[in-house]
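In what follows, chain A forms one complex with chain B and a second complex with chain C.
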Partner chain A sequence: MPLRVKVRNAESGATVEMELEGENTIDDIIEGAAGYWEKDAGAYVLRRGKRLLRGQQTVAEAGILNNDELELIPDPEGG
Partner chain B sequence: MKQPRILGAEEIRIEERQPPPSERTKPHKWLSAKDLEEFKRQEKEGYELYISKVAEEKMRNHSLHFAEMQKEVMGLLLGWIYKNGGKEYSIVKDVVTTDLESSSVHVRFDRNAFEKLFVSLEEVGFNYLVVGWYHSHPGYGCFMSSTDVYTQRSLFKSSWHTAIVIDPVNKEIKAFYLDGRAIKTRNFAIYWDEYENPYYGTRVKKRELRSDPDRVASSQ
Partner chain C sequence: MSAIIKAGAIDGDRFDRSRRIKWIDMEKIESARCFVAGAGALGNEVIKNLVLSGVRSITLVDMDFIVRSNLNRCVLFREEDTLKKTMKADVIAKRAKELNPGIDITPVNSRIEEIDSSCLKNHDVVFGCLDNIGARMHLNAYAYFYGVPYIDGGTDGTTGKIQVVLPPDTPCLQCTTNKTHARILEKRFSCTGQDISIYEPKIPAEITTTSIIAAIQVREGLKILSGKKEYCIRHVCYYNGFLNTFDSFEVSLDPMCPVHLSKFSKSVHPYSHS
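And then the complex of A and B:
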């Protein structure tokens, strides 16, 4: 049964609604959303509330539920 | 296995709003004489960036705290964007950070400390956009290194995104943004909300001392 989630881009406020399968990974979500916004997927992390969603976890393992709101957070590097 | 499918998308609408008035703005105290001149020159037309006193103090204190250890610090700028007369400007209301992996020439968030950052984001108390980032160059001056430029191009491409660079050793601060492929400096103002104004309420009425002896006695 596919799930629907909303992903918010914290640095633009834009949102996408996504349909996911239980076996999709967090990396798939980040790549899907970042790709849509033409961003570098490797420069972001995804959060659900206070929890970091780790890249290789599946949607089922991460406990993502239908209608969840996730947020893409920039992960900058300075030098 | 099917890849995630995008069903729909939404962008934010940028509303018109007056920026903080000039009586509640001031230049940053670490601006160079040349930047201060630029600040004054731009005062009438307004700025593209306003940083709250609270956010400015947090960034400055963060960079100063690690200055002696010669370590860079970093965090995210939280605020919103608005338009005034069709011209966009951003407000930085607060900043958030977490534990860092840092040296004198490099900084990023500690891979195991994102949840501490997310707790701060959950507790920030207002609807935010990450309008940019700040980091320090302890003793090296304020400029955008190649790593900084890469970050700006990958994450903060919009014209209203800002990179604040602070040198706590030389007491310097600059704001940068991306204009196409070029990095440019941006003038900015520090603002405070009315309730934060130390001179809020201009008169102080002398308090009358109570002269009811019973009241004094009963309270002893």
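And then the complex of A and C:
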């Protein structure tokens, strides 16, 4: 059974619904959301609650549940 | 015999007002050795804050010279510095001594990847004020390898980030990376590991975000030096300057992170671009 989550764009506040399988990775979610919002080719991270999720973790490993809200945050590179 | 105090001594002490903050350990701060990588916008602010906070011994590494577009956010640079292609680290060292002539600041004009990384172990805290992910990962790996706390700062326009790495207790920068970071590294490095300098985006930057992020970096450093690690950011803090929000997030240690794997086998090079 696929899960459905809401991904929020931290920069604009916009949201998008995303359907996920347990074997999808956090990288897949980040790339899907960044692509949907046509983000610049920068770095992004994904949070669930007060945790940042690791890219290689699967949806199941990260403990993502149906109707969860995730947030895509730009990871600033400048100094 | 009772103690003898001198009238006016309070205002003769440069750090009297700092000493009044109970958790700050001025003795430890004054005897600390700090390493700062990057002498750009964050580097200027971090050095200014360290010197004004009482740190006396600083190593500063940067490979660049000053250009006019640095002047919107670099408090220690002057118009005249842009005319002579002066090295950033040299100028900061000179101007920081104007802030406190009692400091010992060593400028190193080099890429961070080209210094002898074993010098990190002679420092108490490492501050990352860098402008690219590759250099950050390199510094993170060696700081972790030598067990030195690493405080990384990053900015992009009105957003910023501070990550505090306390080896061996916390995850490191590498643990937080994903494919988007890898893609940036791929663009920057050819398959031979040579820096091909094609992907060098000009990142938006201004002083208000820079000064906030650098201030928090130094604040976290002062906590570490004062023996208050438990009050440090856990583990990464993101700042949204448009909404003025701060959010701290925990990161889990990546069991496959090469930085931690290398900790258990010192023969393994802690970081490579391959």
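One rule holds for everything that comes next: the second predicted complex is superposed on the first by the 76 of 79 C-alpha atoms of A that agree within 3 Å, B and C clash if a C-alpha of one lies under 4 Å from a C-alpha of the other, contacts with A are read in each partner's own complex, and residues count from 1 in each chain.
Please note the rule applied: a residue touches a chain if its C-beta (ideal position, glycine included) is under 8 Å from a C-beta of that chain, and two chains touch if they have at least 3 such contacts.
The model shown is predicted, which means the values in this text are computed figures rather than measured ones.
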Kindly classify A:Gln56 by the partners it touches after superposition: chain B alone (first), chain C alone (second), both, or neither?
second
Superposition-derived comparison: chain B or chain C, residues of chain A touched:
B
Is A:Asp27 touching anything from chain B or chain C once the two structures are fitted on A? First, second, both or neither.
second
Is A:Ser12 touching the first partner chain B, the second partner chain C, both, or neither of them?
first
First (chain B), second (chain C), both or neither: which does A:Ala43 touch?
both
Per the contact definition in the header, classify A:Gly78: touching chain B only (first), chain C only (second), both, or neither.
both
Chain C-contacting residues of chain A that also contact chain B:
10-11, 43-45, 47, 50-52, 73-79
Can you check the complex and tell me which residues of chain C touch chain A?
38, 40-43, 128-133, 153-156, 159-161, 175-181, 183-184, 187, 203-205, 236, 238, 240, 247-252, 254, 256
Which stretch or stretches of chain A touch chain B in the complex?
4, 10-21, 23-24, 28-29, 32, 36, 39-40, 43-45, 47, 49-52, 71, 73-79
Provide the residue numbers of chain B that touch chain A in the complex, in ascending order.
1-12, 72, 74, 76, 105-109, 114-115, 117-119, 121-122, 128-131, 133, 135, 145-148, 150-151, 154-156, 158, 161
Name, in rising order, each residue of chain A that touches chain C in their complex.
10-11, 26-27, 30-31, 34, 41-47, 50-52, 54-56, 73-79
